[in-house]
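What follows is chain A paired twice: with chain B in the first complex and chain C in the second.
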Partner chain A sequence: MLDKLMMYLQYPFVIRALTAGILIAFSASLLGVILVLRHYSYIGDGLSHVAFGAMSMSYVLGIVTQKMLIILPITVLTAILILRVKQKKIQGDAMIALLSTAALAIGYLLMNVFPVSANVSSDVCTSLFGSTSMLTLSSGEVWASVVLSIAVTGMMIFLYPRIFAVTFDENFAKVTGMKTDQINLILAVITAAVIVLAMNLVGSLLISALVIFPALSAMQIQKSFLRVLLMSCLLSVLGTVAGLLISILAGTPVGSTIVLVYLGIFLLCFVIGMFHD
Partner chain B sequence: MFCHRHVPRLKKLIILCAAVLIGFSIHGITYLSVPKDSHSDYDYDMTSMGKDMRYALTANIMNHPEEYLDRTIKADGTFYAYPAGNDHWQYAIFISDTLGCCSAGIPMILSEDFQKPENGAAITVCGTLKYVEYAGRQQISLQDAKVIVN
Partner chain C sequence: MSSIEIKNLIVGYDHQQTAAVGSFIISKGDYVCIVGENGSGKTTFMKTILGLLKPVSGTVQFNGIRPKEIGWLSQQTAVQKNFPASVREVVLSGFAGKLAYRFFYTKQEKQQAENNMKLTGCIAYQDRCFRELSGGQAQRALLARALGAADGYLLMDEPMAGLDPQAQSTFYQCIEELHKKGMTILMITHDHRSLAYADQVISFAQEVKIMAAHEYLMRVKNVG
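Up next is the complex of A and B:
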């Protein structure tokens, strides 16, 4: 078993998968704590469905190789709509449900009505469940993960006090003169970028796990914001590495294996948290 | 719960984590190794791998051919022959993932001693990955492919 693992760890595509996996898990966990505390746990799921719809559009328009030109702007605009626009008639969770189901339906419909790709089932399988896309990443996608993790880390370092204030009491932050709209805009853009890239890791249906599991697990055993943030990063990276290696050795799907490892970590943290209390 | 004295500590910790991760990433992106399966006579013996790993390796051979040039492989999959113009036929082995929703193929040039199998036959093939010119462009192919119908 160890021999096999050491052999696989010499494969360049396994190293690329581990690299991108760790970076995306790190970025998603940093963002996840903020999103969970702001009651936007399901935004990952919603935005990934929107990204799926946008991806279908790129297939129909015949720009598969530059699909990010379509996916990223549409997902960013949707994230802005969800995080910034405060509708009186449609609340945040209802807005996520509305946009995500509509986008998923549009995406699937487009793929069926205009089946431009000969291998539609492969495209659907890959974008919804991740399939083996994690193991077939290009160097460009890994570089995108590097840039994204730098952006998320930079945001957390330079905007930490403001993000903290907006996360816990946005109205109070606004009254004190803080430009909360700008913070929300930055959060929306970064959230959309993380979701689009994380689709490569676990697929759009499992993306919420990357965002919420590490944050929820850390919250079971840590109480301060800073410690939750750091514990969340640690658990997220450990869970992703363990899930990826298990899936490679056991021949199980990458996305669902990572999510099940996260579930195991959460249950462990939950039990530890009970004894802590 | 929060005070501003936490900020410098957070900055240091996150910068440290980010530096380690970026260092690891640069290693990951530029990594090109020459692995060898110690339990096989071939550099890559796909017959001993899980189905998803077989598919991933095949897709990577086609997407990053420079990483696999001159390597010997043994693989099992489905044989296909398709017309490539001027009465010329191209042969390939197709390998699918576990669910069968994703497939990738490697073109083959059959060894002279070996007969062409039926289209769709389950085969095991071994050979060396080399660049071959098809329609004016270089394409990675399995040269001197020895095919056994399973």
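Up next is the complex of A and C:
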């Protein structure tokens, strides 16, 4: 088995998948801690549906190579709408549900009414579950994830005290004179960027899992915010590497294999956390 | 001497009046309790002072103090109980508003946070997780956080709610100690015991009245 693994590790596409996978998992797990604690667990799911809707729109408009020019702005705007607009009559989670279902419906409708390729359902399936796309990454896409993970890490390090304050108690932060709107804006833009990139590379099923699972797993065990962040990163990178290698060796779909590894990690942490208390 | 000057103030949500507060001055070093029925506008008034709500009409003017130098202890329900953070991290976040153009807290601020934890008696459990604390412990941690932001003024919204009698008296002592050191206290309360410490009472009923604490206690007794 080790021989088989070593053989696969010689292929550049495997190395690229591993690199991008680790970097995206790392970025998403950092953001995930913040998003889960702010009750936006479903934002990964919601935004990726919005990105899917935007993608269909760009196909219909005949913009395929520069589709990011449409997808990214729409998703960023939606993220700002969700994270910044405090609507009294629509709560955050309901807002996510509303936008994501609407976007999914628009996207699927557009793909059906103006079919671009013969096999609509396969197109839909690919964008939702990532299927094998993770193993077909270009080096440009790998570079994009390098840049993004540097941005996320930089943000987490340099804005750490502010991000903690806003996440723990936004009203208090505002009262003490912090510019909470600015922090929320930065978070919204970075969140949207990570999710759009991740959706393209690994599919929207996996991006939700990347945001939620490592954060929740770490929260079962760790007792300080910093430790939760660090452990969340560690678990997500471990889970992604393990999931990827298993899927290559066993020939299972990449996305769902990684999600199941995450689930296993979460259950383990949950049990450990129970005995910890 | 600094003060918070309230002029012809009417507070409320979305231009809907909740209470006509009127005019008065809270001077540095005062100990003021705010009493009244639920829904009479006490919290709305406090949030207006803090700048979280806009006044329906009238003004809140700060003399010799910047609005962000006020420490605030909100109602307990407003803070996430299940948050995975150590007491130390929570207390330190009280200084977040003072970061200005810095990225990190200074050594001085960390030292100050430690002093605040000593003062409120939460230094003993500074490494424990916020979600594991009892109501009284959590409240003292949040008080220590408020002190990080407070520069002479401390606003509290029912800080005693949900605390057992033992925790309440510890908390009162703590606040009294702060007051003796010159901290201005403005506290919403349902507990008549706190009035024993207060100089003045703002009573929210049909009308909003401000009076000396002993005068208020006399009135309450006469009615009872």
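Keep this in mind: the second predicted complex is superposed on the first by the 269 of 277 C-alpha atoms of A that agree within 3 Å, B and C clash if a C-alpha of one lies under 4 Å from a C-alpha of the other, contacts with A are read in each partner's own complex, and residues count from 1 in each chain.
In this text, a residue touches a chain if its C-beta (ideal position, glycine included) is under 8 Å from a C-beta of that chain, and two chains touch if they have at least 3 such contacts.
None of these values were measured; they are calculated from a predicted model.
Visitor: Check whether chain B or chain C contacts more residues of chain A in the superposed model.
Guide: Larger number of chain A residues touched: B.
Visitor: Between chain B (first) and chain C (second), which, if any, makes contact with A:Phe26: first, second, both or neither?
Guide: It touches chain B, and chain C stays clear.
Visitor: If we overlay the two complexes on their shared chain A, which of chain B and chain C does A:Thr176 touch? Say first, second, both or neither.
Guide: Touch partner of A:Thr176: chain C, not chain B.
Visitor: So, A:Ser224: does it touch chain B (first), chain C (second), both, or neither?
Guide: both
Visitor: Could you tell me if A:Ser145 is touching chain B, chain C, both of them or neither one (first, second, both, neither)?
Guide: It touches chain B, and chain C stays clear.
Visitor: Name the contact category of A:Phe164: first (chain B only), second (chain C only), both, or neither.
Guide: Both partners.
Visitor: Taking the two structures together, which residues of chain A meet both chain B and chain C?
Guide: Shared contact residues on chain A: 160-161, 164, 223-226.
Visitor: Any idea which chain B residues touch chain A in the complex?
Guide: 1-2, 4, 6-7, 9-11, 13-15, 17-18, 21-22, 24-29, 31-33, 35, 37-39, 50-53, 55-57, 59-60, 63-64, 67, 97-99, 101-103
Visitor: Within the complex, which stretch of chain A touches chain C?
Guide: 37, 158-162, 164-165, 168-169, 171-178, 219, 222-226, 228, 277
Visitor: Which part of chain C faces chain A closely enough to touch in the complex?
Guide: Against chain A, chain C makes touches at 50-52, 66-68, 70, 72, 74, 78-80, 83-86, 88-90, 92-99, 103-105, 127-129, 132, 145, 149.
Visitor: In the complex formed with chain B, which residues of chain A make contact?
Guide: Spelled out, the residues of chain A in touch with chain B are 3, 7-8, 10-13, 15-16, 18-20, 22-23, 26, 119, 121-122, 124-126, 131-132, 135-136, 138-139, 142-143, 145-146, 149-150, 153, 156-157, 160-161, 164, 223-226, 229-230, 233, 247-248, 250-251, 253-254.
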